[in-house]
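Letters A, B, C and D mark the chains as written, and numbering starts fresh at 1 in each.
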Amino acid sequence: MNTLGHLLTLTTFGESHGPAIGGVLDGFPAGITVDADYVRECMQRRRPGQSTVTTGRQEQDEVEFLSGLLDGVSTGAPIAFIIKNTDQHSSDYDELKDLFRPSHADYAWLQRYGIRDWRGGGRSSARVTAPICVAGALATMALRKLQPGIKISAFTSQIGPYSTDPTKDMEYSDIPVETNPVRCPDQELASKMEEYIKELRKEQDSTGGCVTCIVRGLPAGIGNPVFDKLEASLAGAMLGINAAKGFEYGDGFSAASQRGSEHNDAFRMENGRVTTTSNHSGGIQGGISNGQPVRFRVAFKPTPTIGREQQTVTLKGENTTIAAKGRHDPCVVPRAVPVVEALTSLVILDQWLCGARQE
Amino acid sequence: MNTLGHLLTLTTFGESHGPAIGGVLDGFPAGITVDADYVRECMQRRRPGQSTVTTGRQEQDEVEFLSGLLDGVSTGAPIAFIIKNTDQHSSDYDELKDLFRPSHADYAWLQRYGIRDWRGGGRSSARVTAPICVAGALATMALRKLQPGIKISAFTSQIGPYSTDPTKDMEYSDIPVETNPVRCPDQELASKMEEYIKELRKEQDSTGGCVTCIVRGLPAGIGNPVFDKLEASLAGAMLGINAAKGFEYGDGFSAASQRGSEHNDAFRMENGRVTTTSNHSGGIQGGISNGQPVRFRVAFKPTPTIGREQQTVTLKGENTTIAAKGRHDPCVVPRAVPVVEALTSLVILDQWLCGARQE
Amino acid sequence: MNTLGHLLTLTTFGESHGPAIGGVLDGFPAGITVDADYVRECMQRRRPGQSTVTTGRQEQDEVEFLSGLLDGVSTGAPIAFIIKNTDQHSSDYDELKDLFRPSHADYAWLQRYGIRDWRGGGRSSARVTAPICVAGALATMALRKLQPGIKISAFTSQIGPYSTDPTKDMEYSDIPVETNPVRCPDQELASKMEEYIKELRKEQDSTGGCVTCIVRGLPAGIGNPVFDKLEASLAGAMLGINAAKGFEYGDGFSAASQRGSEHNDAFRMENGRVTTTSNHSGGIQGGISNGQPVRFRVAFKPTPTIGREQQTVTLKGENTTIAAKGRHDPCVVPRAVPVVEALTSLVILDQWLCGARQE
Amino acid sequence: MNTLGHLLTLTTFGESHGPAIGGVLDGFPAGITVDADYVRECMQRRRPGQSTVTTGRQEQDEVEFLSGLLDGVSTGAPIAFIIKNTDQHSSDYDELKDLFRPSHADYAWLQRYGIRDWRGGGRSSARVTAPICVAGALATMALRKLQPGIKISAFTSQIGPYSTDPTKDMEYSDIPVETNPVRCPDQELASKMEEYIKELRKEQDSTGGCVTCIVRGLPAGIGNPVFDKLEASLAGAMLGINAAKGFEYGDGFSAASQRGSEHNDAFRMENGRVTTTSNHSGGIQGGISNGQPVRFRVAFKPTPTIGREQQTVTLKGENTTIAAKGRHDPCVVPRAVPVVEALTSLVILDQWLCGARQE
């Protein structure tokens, strides 16, 4: 239940306010040199407290590798790592002990397990995505070696009312997104998004948004035809991110209003290789990559924690109200960008390893 | 790779033009009486050749159970079943042997396996959803016994330009959809959808659409908090249906433009029980059901097989054109409705069994 | 629960007296030509009714392949197959309906599932090993192509008081065992074993025995170091055979009384390659093959069904007696020989595919 | 590959000489109070350096829990824990860097992964059993609550030439074994075993042995009928212990020479409950527990590391000799006793949880 993948498995653990969070990445190819700076960089991107648009919580987020590496090279043994929780303000959550925060996991968790770690969302905190970023960085390093030329780029494609133009997805994916705090490749739109988030912060409110991800350089033939389709694995992984509400690939939901003559991607020969004249399919046909760029989008709901007063109930079953005081993002989307990339790396490497067995 | 589920697993097999298709349902609770008529009914709903809006292929789709039942009652042993392929026109596909149909799995499959069953899509045919309907019918019978009051209802919510009103989803889910061939609960809209599909058939074109599904009566506490979230399991299963392009639950993609104050579902006490004043969450919070109706939507692309001439390439790498002659649906959506219900039953029963272990 | 393997999975189904038994082999490499005669031959070896030492039940055991093959070549799709049950004498079992046969699964099954298929052992019948032989034959054909030179040979090494000399295991494995009905490579011993079984049949009794298996030509590097060790996979598979009571590899239980200086296999260079001067390890060190022949042994208990009167209890909880009348083997060991080989092929191919991913 | 179990999964990690070893126990029931002293006690039993018969390596083996507990009670979240490696003498292993130790995993590992952590066996060190003991202690605590009356007791039943009487297994299992360093319930035999080990230490040699395990109070109905039989799960787990060479349950290998009339366990009513008049089956019939005590035995080879000079080869492929200097046990068996118990607890709880779903 806390494990993702088939041959490459990531098991994560840890709660928001426990001693540490971490993960175990098993089935990782041996002989991959781990660039600790790159891992740190991937972690930093997800880390809160980076800018005015994110939460003020300051986590050092230092990764300690406990196993699976010898002089920085993977040995084939499981790679375990931990990130200590250092900046915990558990007392921020004291008043949450006896009530359920609206649209949080609090109530559902209690019904599932009969006991709840009420401190900062416990296991349901967005903090659990940090180990995903570490593992994703490792997967990316392996993919770079095993499948040179592969490139996974995600970016913010929507924040509230501001959306990028989906026909420009391929262009966008070439633009570095670290130049602005919302990670949107359209700088003008990025300014509006940033402004919007700041405004919502003042209003003690929050907003949703979308992340788009492009995988270039994935060869044709990765995936499976029925229950473990590439798109199904990606969807399952993405819906595992906190606050994710939807997944679509290629033309996605807009394909519902298209005609076949409009949606179909014609095959053509180009420089002696099979290609398609369009990519409505999003690089996947029948569950298997077709050699075109993989393109998908993930929708996120607004952060449920807001400063405004909301109705809720107590553990004892009495109606009450709540107004959040902790440090929270008015929008999780910019920080979800590296998480989407990390999960994509993990899914692709796993499917790659599963498929590579026959060569 | 052809297996779905954890404690309850469905393994399917079979190609469009082989001797038979079928499945093995393992982990099914013992002591469930199987109503053969209900299974047949579920199969019939998915079966092609039912009306003017679907393909003319006539499959009898008779299910033979091979194991796991004693006098019609499940014994705990795996339930295997087959459906013989009887109305195969393999010759219809002869000319497809040497080329790739646009937006079909043909090319990707060949890259994956180096060999391809070119007859009617082989393993990638929509016919593989028939065993899912059988297994789903069984799962529904088990759920009715184990969790009385549970009800899973799917319906067509979009065909091309015609969409139902999402705010009426709960009302719709109470209306029988077998009264019209498109399975849309809004009769007026249904007529327009039917007309639209007929029109496209004449134009040798096809259309996409959406299916919405509602699960009532699911108790709070079903699901998991991180990688095996209820929504992730549903998304993974749904994206396994042929032609599926997207999945969203609750407010889904529209949550991306909402504010937290608008999206959050306030908890309230009602008749001594915890409930929510709205259901933007779609019945799932933090990966676990919260006792409200589960609501999600699946997008399907237009049928890729169309009568119009399209560009493509041959196995030898030459440009050519193709115009389909086989019997095909201009729209898969009405037939996807029972498949969505079946997969939902399977996912819910599996998660129910996994969660029930602690009681 | 009815599935074996990781990347290569075999799911079996079927009861002794239902319509059919069968299996689904998934993850099987594409492009393997299936020799139907070889499959039939493997089936025949396991089939009852072959000689005076086995049960009189006459099953035709014709395999029907339902999927995964195109003109006799595997396509990468799951290979499903069934074997119809034709020679069922369910009435033989009528009197067993209301009581538990000693040392059979009857009582334990009923406690597990609350319902029991009493006809011939149902799912717990030795007949469930037939699909294993089919799948094993397929795995052997794949191994021959992927790893030329590999050879898996099992033989009867003990029947009651008659045992082969373990120091001659390698010699034995080169001798064809189909020349005598007990499948023992030592012809003189074989005659004694055959005589012993005939004697027990007369005495309405039964006997246990052992099967030894040798895998030659397996390269070093197959297996895993901790929980999925090659020996653990083999042990788990072998203990799944009906009546199996024990598993040992290399020197096995006799290693318990050895000294390290006696047991250790010294490494030596031979013709420029690493080899060992002995093989007490049985070809596996630390869970991974070391390039030497893999050698293991499986113990089987005496067939529990005997003609002699035994004490037992009824479903209603009354003491009673039972004396079997059905057709049963006084010794399952000769028929277990092909089953051991089949499972070995399946385990080795699965581990081979899992390990091959990194090359 | 480093994960054991189905609903209850233990993933372990860590090498002998890395920063830490540990594990993640997922699927553990919520609401179990963890007795830290009991965990420590289980760890201590496995710990080296306890007596004259074990290695001199002094590990503090302090367990740190990182997640899954709130005020000492399990929350349903994965329980991660680490044990820091403190007493590492990596330099002891310097000379092993360039050669393969006979009958160790060194050579096989290198062939599998192309890279090897040569320090103290790396991932193949017996030290990896420490996390198993922690997880087993947790599983035992859960079993005590979920299935009161269950009791798992293992003991040393053989060291070299000294064996206990198998007909006294049930008596032995009631005798505390911590009273002597070899953990043998027969005190007289224990003294001889201890003497024998000391003698071997002087001779720079080592010995094998056996551990017997008894599970009382397991209800009938736990396990599965075909591939995931209770005995197969136990065998797979036990063969995962370092140096394990064989597994047998009930009468095991001696059943091979028995007759059915001798081996069969007759059912009888006793005080209104079904029981058996003997227990040759070892408490399992057809893969499922039958309510009688589960009884099995595991064989271990002599410790491969010995002080005597042995032949071996170098990484470069040259013949050479080796004589171990590190700190090593002349016999792993006494320390394997708690590991066998721990794995038994894990397997039983997992199967219990899987089976409990239907009630």
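By definition in this document, a residue touches a chain if its C-beta (ideal position, glycine included) is under 8 Å from a C-beta of that chain, and two chains touch if they have at least 3 such contacts.
As the structure is a computational prediction, the values presented were derived from the model and not from experiment.
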Higher-contact pair (C-beta pairs counted), B-D versus A-D: A-D
Chain whose Cα centroid lies at the greatest distance from that of chain C: A
Gap in Å, rounded to a whole number, between the CA centres of chain B and chain A: 26
Where chain A and chain D are represented by their mean Cα positions, the distance between them in whole Å: 39
Length of the line joining the C-alpha centres of chain B and chain D, rounded to whole Å: 46
Contacts with two or more other chains, residues of chain D listed in rising order: 1-3, 12, 30, 77, 109, 112-113, 123, 225, 354, 358
For the chain B and chain A complex, residues of the former touching the latter: 1-4, 12, 100, 102-109, 111-113, 123-124, 128, 158, 160-161, 200, 205-210, 219-229, 231-233, 235-240, 242, 244-253, 255-269, 272, 274, 276-277, 280-282, 284-291, 299-306, 308, 310-313, 317-319, 330, 354-355
In the complex, chain C residues that touch chain B: 1-3, 9, 11-15, 18-22, 24, 26-27, 30-31, 64-70, 73-80, 82, 109, 112-117, 122-123
Contact set on chain C toward chain A in their complex: 6-7, 29-30, 77, 225, 353-354, 356-359
